[in-house]
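Several structures are given next for inspection.
Two complexes are shown next, each including subunit A; its partner changes from subunit B in the first to subunit C in the second.
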Partner chain A sequence: MARFALSRILQAIPTMFIVSMLVFGLIRMAPGDPAAMQMGREAAKPENLPRLEALREEMGLTKPIPVQYLYWIQDLAQGDFGDSLKNKRPTIDLFLQKLPATLELILGATLFALLLSVPLGILAAVRRGSMVDRVSMGFVSAGLAVPGFWLGLTLILLFSVRLKWLPASGYVPFSEDPIENLKRLILPSITLGTYLAATLMRFLRSDMIQVLGADYIRTARAKGLREKSVIMRHAMKNALVPVLTIAGLEIGALLGGAVIIEQLFGWSGVGWLTVQAIFDRDYPLVQTSVLFVTIGLIFVNLLTDIAYGFLNPRMRVS
Partner chain B sequence: MSEQARILIQEFFSGRIDRRQLLTRAAAAGVSVSALGAMMTTPWQAMGAAAQDGGATGDLVIAASGDVDTLDPQVSQLLLYGNMLRRTVFNTLVNYAADLTYVGELAESWENPDDTTWIFNLRPDVTFHNGDPFTAEDRGRRSILLRARCREGDSLSSRLTNVESYEVIDDRTISVKLAEIQADFLDGLTQISIISEAIAADIENNPIGSGPFRFVEWVPNDHISLEANPDYFIDGQPGVATLRFNILPEPQVSITNLKSGDVQGVLSIPVTQSTILEDDDSVNVINVATSSIPLFEMLGQNNETIRTNARVRQALAMCLDKNAIQQTVYAGGGIPKWSFVGTESWAYNDLPGYDYDPEAARAILEEEGAAGLEFTVLSIQGYPDGEQAATIWQAGLAEAGVKLNIELQELSVWLDNYLNHTYDVIWNTFPGFADPNYFVSLGLQPHLTDGWTNTEAAELAVSANQTLDQAARKEQYDRLQELFVEELPIMVIQETPVVSVTAPNVQNWGINSLSWVLLNDVTIDAE
Partner chain C sequence: MDASLDPAQLPLGGQKRSLTWRIFGGRADPVLIVSALVLLFFLAWAALPGLFATHPPNKIGPDLLQAPSRAYWFGTDEYGRDIYSRVVYGARIEFVIAGLGVLIAMAIGIPVGLIAGYRGGWVDGVLMRLQDALLAFPSVLFAILVVAARGASQQSIILTVGIIFIPRFARLVRASVLALKEEDFVTASRAIGASDGRLIWRHILPNAIPAILVQITLTMAVAVLVEASLSYLGLGVQPPTATWGTMLKAAQSYPQQAPWYVLAPGVCIFLLVLTLNTFGDGLRDRLDPRVRKL
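Take a look at the complex of A and B:
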């Protein structure tokens, strides 16, 4: 397993290089000038044109893009991720400051999705056509259709404005106040996790129905195993393999969804930071964020592959 | 000055009553017009101080629609920066009174013995938040203004480029010599925050000023925290013990946060969203007319017909239904107008402009050989009023046989096109300003050096700011406004209102006609 993990990590290095080059080049080729963004309206004054040029020079934007890229790689090799063009702070500090909030949000959303989808998906499959199945499928339809922004606002109106049970917004670090942190995590996690829960539930139900009709399940039942044992030991393990694929892929989608949820709940995380950096044409911050998000996604894919092996020994061998 | 007069003035400037109501209620209360006039020239700070009789208590949390770009007051030009930091953490030598005349803040008084010399007498009782005293000479530097003087690349440095020399006369007096006459010199000083020399090099991380609040923390994209400065030189300010700005970009989210009690105020929301809150007792809507102006800039390089033909621009102006824009986009608020100068300004010239008449426009376009004209307006994503105004214009233009395309661009892309003049017509918005030269230098000069070839206008734009006598300045600006409306290098739409929302127990929330939200006097009633 260690060799497998190592080979996957080595394969990831060229991927990261390609991603870094693409991001570096694309953001610089996009229209928009960070120096003008910083000077704002004052840049329109004809007498300020030399200052605008000087600012571009100071930001290192006047050199050819490949040269800028080489400088960046050189700095990276020395552990220097560069300073934000907008607020002059080290980009790595800004990123790491926001990372815990986003990780917590994604973890919360994934936990919510798994806790809801796994039992309900299995129940819906086992009791096909029952009330549980119909309610679950209703949730799936609604969960896939409802926009996250609307769901979040509705939850805030219900639980924060009307019932006053939970705070409407804001992030408090777990280390500062664990109870407050968890209270503030509930609504964003539900909002972000609902789509994932619906997706997983749909796949789990259909996979489970397929697995329950398989020969080896019939054999297990014929052996006289209890139904609980058939489902938990034999059916669920196989049904979870495709679900794991979906969950792994959906982590990337969760990060995309987190941008909106972070804004909605004032949950200041990596998604919002990155989008704002793109709007501001804050090149170094975009590069740092995308680089680390890429590493994160590669790591999640690796974990997914390892989990495959755990669930299905045949895959481990191959 | 009576207490009644003070309350009336505060209600007027916080938007609770209009000018007519102010005069009517003042007359009913027996407050003379002269007493009102005297209070109109009293600085906001002093009015707030009079309103306070206790220490700063309570924690005020405010929703802001965006974050600041830097902590450095000489770099940021964001209106949000002004609301959150410039006027809370810092002081300026000169500030605006409620009626936008100039009053001393860190300067007690000033005089200009000749046209290019300004002598400022400084307040004696001011210390910076780090304990440094505020004096004319600081740590061997020649003057406090050197401290305020921006580095070459700083956004606000142009406000002081005309300063030739400084002279410290004594610890409390400084003389500033300008290279040439500059009528808006004091106006520029309202934007220059005075900082302590000791922290000048680290101002980006450590914003130490002398204002009513001390900086505590900035977590980018999350919040800014301030605390009351107990040594502030104006008694009674600030009105709250802590002030926190939570960054919440979506107005609807800010409103739900206000209703849930997570915040007690929202700096600004779109006017159209405020109308549904007007009958809601759980919030207080503060709607104030300001001199901010949305506009269409007409001299882009991409459309030769519009750029070179003033009659065509006049015809296009006849297709802009400003009343429809006022009703639809600004919920009936603000004042439609054609001049760039604020309607409350001493320099305003109330010009009739052009009536909405697409048929007459069609005839003019045919005469000018521009029938069937097609052009594109660039507007900015996230500024719905630009798109809405363009849509209303589009309908009027269609009646005159003109096809208008609307293109929304991300701010940085829009800014590129704006600076390079690569557009047919572009929508833009200017915040309120007190001195007309603010708009002339930022809005008009770029066109006067590019597409608007009018020698008289170019000369007036310069000479008006080199004339100190206000009556003579007004004459020049009157003529400049006439040329502006006649040739329409830029078509102003109207003055727009600004709307804040607060919890009912929040008092003394102010908005001035420059769209500045004034928070130093705000108090929270115990519930």
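Take a look at the complex of A and C:
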């Protein structure tokens, strides 16, 4: 097991470096001189040219790109992620400030997805071909095809504009007003969680069907266990393991979706921050948030992978 | 080499039937046929929008935000443009973006997968870590990077789609190569002196084509969603060009006055993605006997 975990970690390290190179390279391709952007309007004045040159020297912009990359990595290692061009604060502070809102949204979406998909997926598998099965499979096809923001718009039209049950947009920190926070969380969570619910339901149903056909289930039935305990105690346990793994791996898709859903619902998380940053041409901020989210995802996937190997010994070999 | 000795020419349990026959022949699958027809319908919109549209897509009219009527089937937008005609013209951009994007992804992904699988060793290791890195990015965030580097445009979306979907093809082809490399018919070919190129071109690649076809349709579905999301954020195709994503972005501002505005582009995205998905799933069921529908 330790060998399996170690090999996965060793695989993740080069991946992280390649990710950082891609982020660095693409941001360096952005138009404009980073030193001039740092100085702002002052940079355009001719008398400031020596200062600009000095700043370029200081920022290492006169060095070749690979050297610049190494400087950047060195800065990152020392916790220096650069300052935002717009409000001159460290980008990492801005990012961390917005992170809780995004994590809350992802948690809400995952909870919604699990609450919907686990009971329906299992029921659909147990009663194959029944009404429940058909409705669930219809939901799966629809859930995989519906664009998240369109679903969100429709939900806003229905529940906020027409019925006036829930607020259409805005984020209120949980610490300020827990009830308002949760009320505002409902629509974005449903919007973001629908795709995940559909994905999980599909896998859960097919896993469950497979497990129900296994020999040990026949044995459990043969020794006279009630159907309920066969399903709940024997089959479900095994069918749930891959589902949890998929939930872990789908966090990336959730984060991508969150960028759009946050925009739609005015939910000021990291996705919202990143989109604002791109419109402000605040490249250091874009760089930090894309890098953090992606590296964070690699970590989550790594943990999911190792957890799966722990739960399912057959995985460790391949 | 004598053609009659070529293992690829030997009958292999019905596998030598033509691809079209394998997809549509025999007992017809109604879901597959229906989704193929819907796809053809959208393709017709994309190919000949002038034939289907009732108005020029960018023609500004006096009737702003009109409800659907006989003159304006899906109503009009905030500039008095006909929503139905704009939706029809939007189809072409969806197919261009999804099609070119997937083409780029294939053009890079398939050779990468072939080389990685065939060579193995450190080449495989390096190429696959690159794929892992690309897979790690949420597509929208990668798109934001591309937009930072090149600005928001149709080309940027195509490039984004082309890059982020490389791993889908690379991994798929690599897996097929690894599975087929040790098959008897490949070994037989090698034994009678076939070159690496011939082995890949004549034996390994043709056997991977069904899986690639399935992947093309499924990837196009995701590409349509990516276009819609980016254009919705304002990071994609720029106005006044009509795409389904940009239309939705505009529609968002008029939930009270024109609730129908949101409907047409949304339903089109939904239908196109749904049919691409069901078509892809249907293809998989027919072409890949290992994955029987549960």
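The rule we apply is simple: the second predicted complex is superposed on the first by the 240 of 318 C-alpha atoms of A that agree within 3 Å, B and C clash if a C-alpha of one lies under 4 Å from a C-alpha of the other, contacts with A are read in each partner's own complex, and residues count from 1 in each chain.
By definition in this document, a residue touches a chain if its C-beta (ideal position, glycine included) is under 8 Å from a C-beta of that chain, and two chains touch if they have at least 3 such contacts.
Given the structure is predicted, the values throughout are model-derived calculations rather than measurements.
Once chain A of one complex is fitted onto chain A of the other, the partner contacts of A:Ala142 are limited to subunit C, with no touch recorded for subunit B. When the shared chain is aligned, subunit B comes close enough to touch A:Gln97, but subunit C does not. When both complexes are overlaid on chain A, the residue A:Leu111 reaches neither subunit B nor subunit C. Of the two partner chains, subunit B is the only one that A:Glu47 touches; subunit C does not reach it. Contacts of A:Ile73 after superposition on the shared chain: neither subunit B nor subunit C is touched. In the overlay built on the shared chain, the residue A:Gly32 is in contact with subunit B alone; subunit C does not reach it.
Once chain A of one complex is fitted onto chain A of the other, the partner contacts of A:Leu273 are limited to subunit B, with no touch recorded for subunit C. After overlaying the two complexes on the shared chain, residue contacts for A:Ala214 are found with neither subunit B nor subunit C.
Legend: residue contacts after superposition of the two complexes on their common chain; A:Leu6 is shown touching neither subunit B nor subunit C. Residue overlap on subunit A between its contacts with subunit B in one complex and with subunit C in the other: 30-31, 153, 156-157, 161, 263-264, 279.
Within the complex formed with subunit B, the residues of subunit A that make contact are 30-34, 36-48, 51, 54-55, 58, 86-89, 94, 97-98, 153, 156-157, 160-161, 164, 167-171, 263-266, 268, 272-273, 276, 279-281. Against subunit C, the residues of subunit A that register as touching in their complex are 11, 14-16, 18-19, 22-23, 26-27, 29-31, 141-142, 144-150, 153-154, 156-157, 161, 205-206, 209-210, 252-253, 255-257, 259-260, 263-264, 271, 274-275, 278-279, 283, 286, 290, 293-294, 297-298, 301.
Against subunit A, the residues of subunit C that register as touching in their complex are 129-130, 132-134, 136-142, 144-151, 221, 225, 228-229, 232-235, 248, 251-252, 255-256, 259, 262, 266, 269-271, 273-274, 277-278, 294.
Chain contact summary for the complex, subunit B toward subunit A: residues 67, 69-71, 75, 77-78, 152-153, 155-158, 204, 219-223, 246-250, 252-253, 256-257, 259-262, 410-413, 415-416, 418-419, 441-443, 445-446, 449.
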